[in-house]
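Going in written order, the chains are labelled A, B, C, D and E, and every chain counts its residues from 1.
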């Protein structure tokens, strides 16, 4: 189990570290690369949690799809201006303070309850046939939500096409 | 002809405006070192994504001042220089120059010389078209045809080599005729080559003519209407692909062309695909001409009596031939001395390349390559 | 006119606008269907018969009088004279090629008339010749070709240094590059040209190489030093 | 065995970083990416709890969240592109018109 | 820790051998290309150029490492590494025979697809970091192309997943063994779509637009040289092997030999006739090498050629000996042989296409994917699903149920090609597009 722990802390550090870098980088492409790293590290954590299917979905959809879209758009917009502009907006102190307070609150809550949750050994069915279990849940219990999600995606796609389309004067 | 009225709407090639760029627009410099600009052409493209909004050809990287050099050489001395202009069709260049000077002198090459000139010039046309075919296909991404066409071109170059000792810049002709008699197996070599060629051209056509991708890449690409072509001074296969049936070999025959039966292939659409078909058909016609010519090469001398020192009487002459790329003209002014007073070369590629701007409007980057390939330019000739 | 060997028998060059021989192609209205050799050779059947006799194998045709420019007149010339008067100067024929001297300032109108009325649809070439000893130093040469009539015509104008010549780019778009080349190599300024810049030489180059007083000693060594980083050999 | 709280700490850290990014950066694309980060932090929670309770529902929800993130990214980037075309900027504080 | 030993060993072997294998695939490609083009190809380094890949690798490593002045150094460095890493990680779920597999993931196929889709970062970021317009154009082309063709490839894979009922690579092969037929015969259209999409995804001709040398010089690789360039090259060939491996596993029965169900034992043994074929093929290859060896001009070359022959004999010996080992050994060794042979055949097809076809234009490429392959893929998936329902519900013979759906798909494809897939676009299209782009062209 040593290995599992090691993996978790490695991925956790990687995720947080690159998340911080992502928020602070001036260059958007660097930021995007660090976000991809965060996402990959998260995928690793999913794998470590034995959510294999989600791991692959994270890789395929998040890292392989959404972030490619981001990178693509970043290349379309002009970066030169951005490199010279001010990185943070004016309310960064306020925002920082707010975030800090929020974090402290949750941290306290977590600290208080740190002993309550312990991960049990995974149920055999979940670990062995993760894909099938997820699929069963998705297509039986959550089938309505699933369909709604598909319609959401369709609408988003149409919206994106309309937005991205060149205005024909 | 309404070219004049259209001329205004042409958007005559100005320099590409690089200062004000629209959304998503970039300026792309293609060349002067680029795999498919056939030498040292530089094209400044203003792109909207992959689409060409504006283009400008920047030439002159190979300018050697050939016309200036001519003014300091005697007439025969200048002859080798013309080979260096369209260096893939040196024989045609030499033919045009020799005939122009002969015209200036009022002399004429004997019939045997003229027939041999015709044979070599037509072989050179085939060689030039073969080279064009290979490189054009390579530009469009077909890797294989160039090796086949080079194989056939090699045969032609071997014939040149046997005839005059040089393969590329041949200097095969002399003013007034030929320096060399044909070698012993000349007829046999030429005939054997021509007989093999028909099947070989079929082979290229199997690879390309009906290939879906090839048709997709060339059909409707770089369209040039007949009116535009004429107004732009475009000549040769590019003009004929636009539907103008005009070939100097028929219109104003020179060398021995009036003796031979051949057709002038034309197409109507004026796109890259039609230019391809026209050149392929031209190779077949050239093969027929060579076969007719080599069948009966007249006996007789190969040099006219023009004297050792050439001093054309003062005056001027314009003589043009149908080079592989179009009308190749020489405008020579004599002041009665042994050196030409002025030699102006009318290079076909120069004028054909001018039409690029017209063809490239609204094309995509990949089409630019197909269009350059289909014009068939040689920068040595454009820049001189 | 000088009679010579058969190769120069091609009819078009020797009779621009010559109506005495009915040209089969002159009636053709469709430019695109250019009459090919069969039609053209037809009026020449008689001349064709005489050809072999003149082409004696084994000997070059005896040189007659050396070719030289001679005055020339025909209907085309008369029409042009009638329309443009003094703007049309001397008309000569040299080696069966007609040369019309025109006034440089009227060249655009003449070109337009040549293109539209006389059917010289194609501008083959624009070039210049430098005669430094003459007062009007440059000859500007326009080589025209008629697809309809299969004839060539050469317009020529004498201009002084510094004089501007109207550009014919509005008549033939194809005049763009050759005019730029003339500007580049001779320094002739074409008025009304959309984009008169150097074309073959670098933008910053000094001097115009095809002028007779320009030679290798006068080349722009400054430019060579600056851009190529080498000392010119001269 | 790693306590679940560790996953929650991790999730919290990512969430906080994401919030800071959204609130402080001027660049709209980075703001959008920070939102992705926040959603990602939520996913970690969901999966960790799914593991804790031995139920797959959390993972299913994570999948929905990912689908949602995809939709959001598509529309968001579409808006950014359209905005960039019109205003030549991707800074949030310069988005001061509701209509253009 | 023992459980980790074999996977780690396999991983090390793959990482160590892959550059060599990629190098030799390049050599084979050059040789095949040369012979298709009436020439010889590499002949100088070693007999028939056998040592050429090693010379090339040495040369690339010793070349100067050039980084453009205004390049983004971090990303310029990172991009090729990302490319190779993505390609190599994909091998971890690839079963090379029943015995050699690093990890039999329950979502193996999805994993391979997901990881190889990450390789796009290497291309896009490399193109962006080079700070060159050619590179950027190549990167954009690549991103758009990969995203488009991933959809088509995914649809092709779905048709197989429906038949196999699993995402595990091993189980997919097992399904083909159980059903007694390679899936390529069940879903020929799925295979066709995957073939086209896989060529496009690996950026090979006729879809090599991201690196189209005649248009954008070398695309995203324009500014790369030396070792970094070699990494891109390695990634490209590693990806080719990955897609070939996926196609083999999904459509050609993976490590199964042809006619798996046909048993014809030699009298008295459990050795089957077809199992002897690999060994004999190797011996034939060895004999060919030995025949060529004395004809080599130099003594060194003679020896290298003879060594190649000896190596083939060695392989033959292993293959033959494996016949008499335990079942696991026999299946492991022979499975690996068949798997690699099928992968090789698939890669050969790639080469063949490359030398035959011209290159697509970008809009044509997109049109092919979105207007032809994806609709076809959808119809194909529906067809397969219907066939499976027929089979499961009404107990139809699988072939009878799949033949009509294939015919329907064929009809749909014909309809698509007839009027939808106009590669060059109609005149109105072009006019409209030009009018949208060109200022003042519509006066």
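The rule is simple: a residue touches a chain if its C-beta (ideal position, glycine included) is under 8 Å from a C-beta of that chain, and two chains touch if they have at least 3 such contacts.
Quick caveat: nothing in here was measured; it's all calculated off a predicted structure.
The set of chains in contact with subunit B as well as subunit E is empty.
Note on connectivity: the fewest chain-to-chain touch steps from subunit D to subunit E number 2. Without subunit B, contacts among the remaining chains split them into A, D, E | C.
With centres computed as the average of Cα coordinates, no chain lies farther from subunit D than C. Between the chain pairs A-E and B-C, more C-beta pairs are in contact across B-C. Taking each chain's centre as the average of its CA atoms, subunit A and subunit D sit 6 Å apart. Chain geometry summary: the mean Cα position of subunit C and that of subunit E are 62 Å apart. Centres computed as Cα averages put subunit C at a distance of 73 Å from subunit D. The residues of subunit A that reach two or more other chains are 53, 65, 76, 130, listed in rising order. Shown for subunit E are the residues that touch two or more other chains, namely 136.
Contacts with at least two other chains are made by no residue of subunit B.
Of all residues in subunit E, only 72, 74-75, 78, 105-107, 110-111, 113-115, 117-118, 120-121, 124-125, 128-129, 136, 139-140, 143-144, 146-147, 150, 167, 436 touch subunit A in the complex they form.
On the side of subunit A, the complex with subunit D involves touching residues 1, 4-5, 8, 12, 15-16, 19-20, 22-23, 28, 31-32, 35, 38-39, 42, 45-46, 49-51, 53-54, 57-58, 61-62, 65-66, 69-70, 73-74, 76-78, 81-82, 85-92, 94-96, 98-99, 102-103, 106-107, 110, 113-120, 122-123, 126, 130, 133-134, 136-138, 141-142, 145-146, 149, 152-153, 155-157, 159-164.
Those residues of subunit A whose C-beta lies close enough to touch subunit E in the complex are 27, 29-30, 33, 36, 52-53, 55-56, 59-60, 63-65, 68, 71-72, 75, 128-131, 166, 168.
The residues of subunit B lying in touch with subunit E in their complex are 9, 22, 26-29, 34-36, 48, 50-51, 53, 137-144, 147-148, 151, 207-208, 211-217, 219-221, 361-362, 364-369. Across the complex, subunit C meets subunit B through its residues 2, 4-8, 10, 12-13, 31-34, 36-37, 40-41, 55, 57-61, 63-64, 66-69, 94-95, 97, 99, 112, 115-116, 119, 121-125, 127, 129-130, 141, 143, 147, 150, 152, 154, 169-178, 185, 194-195, 197-202, 209-210, 212.
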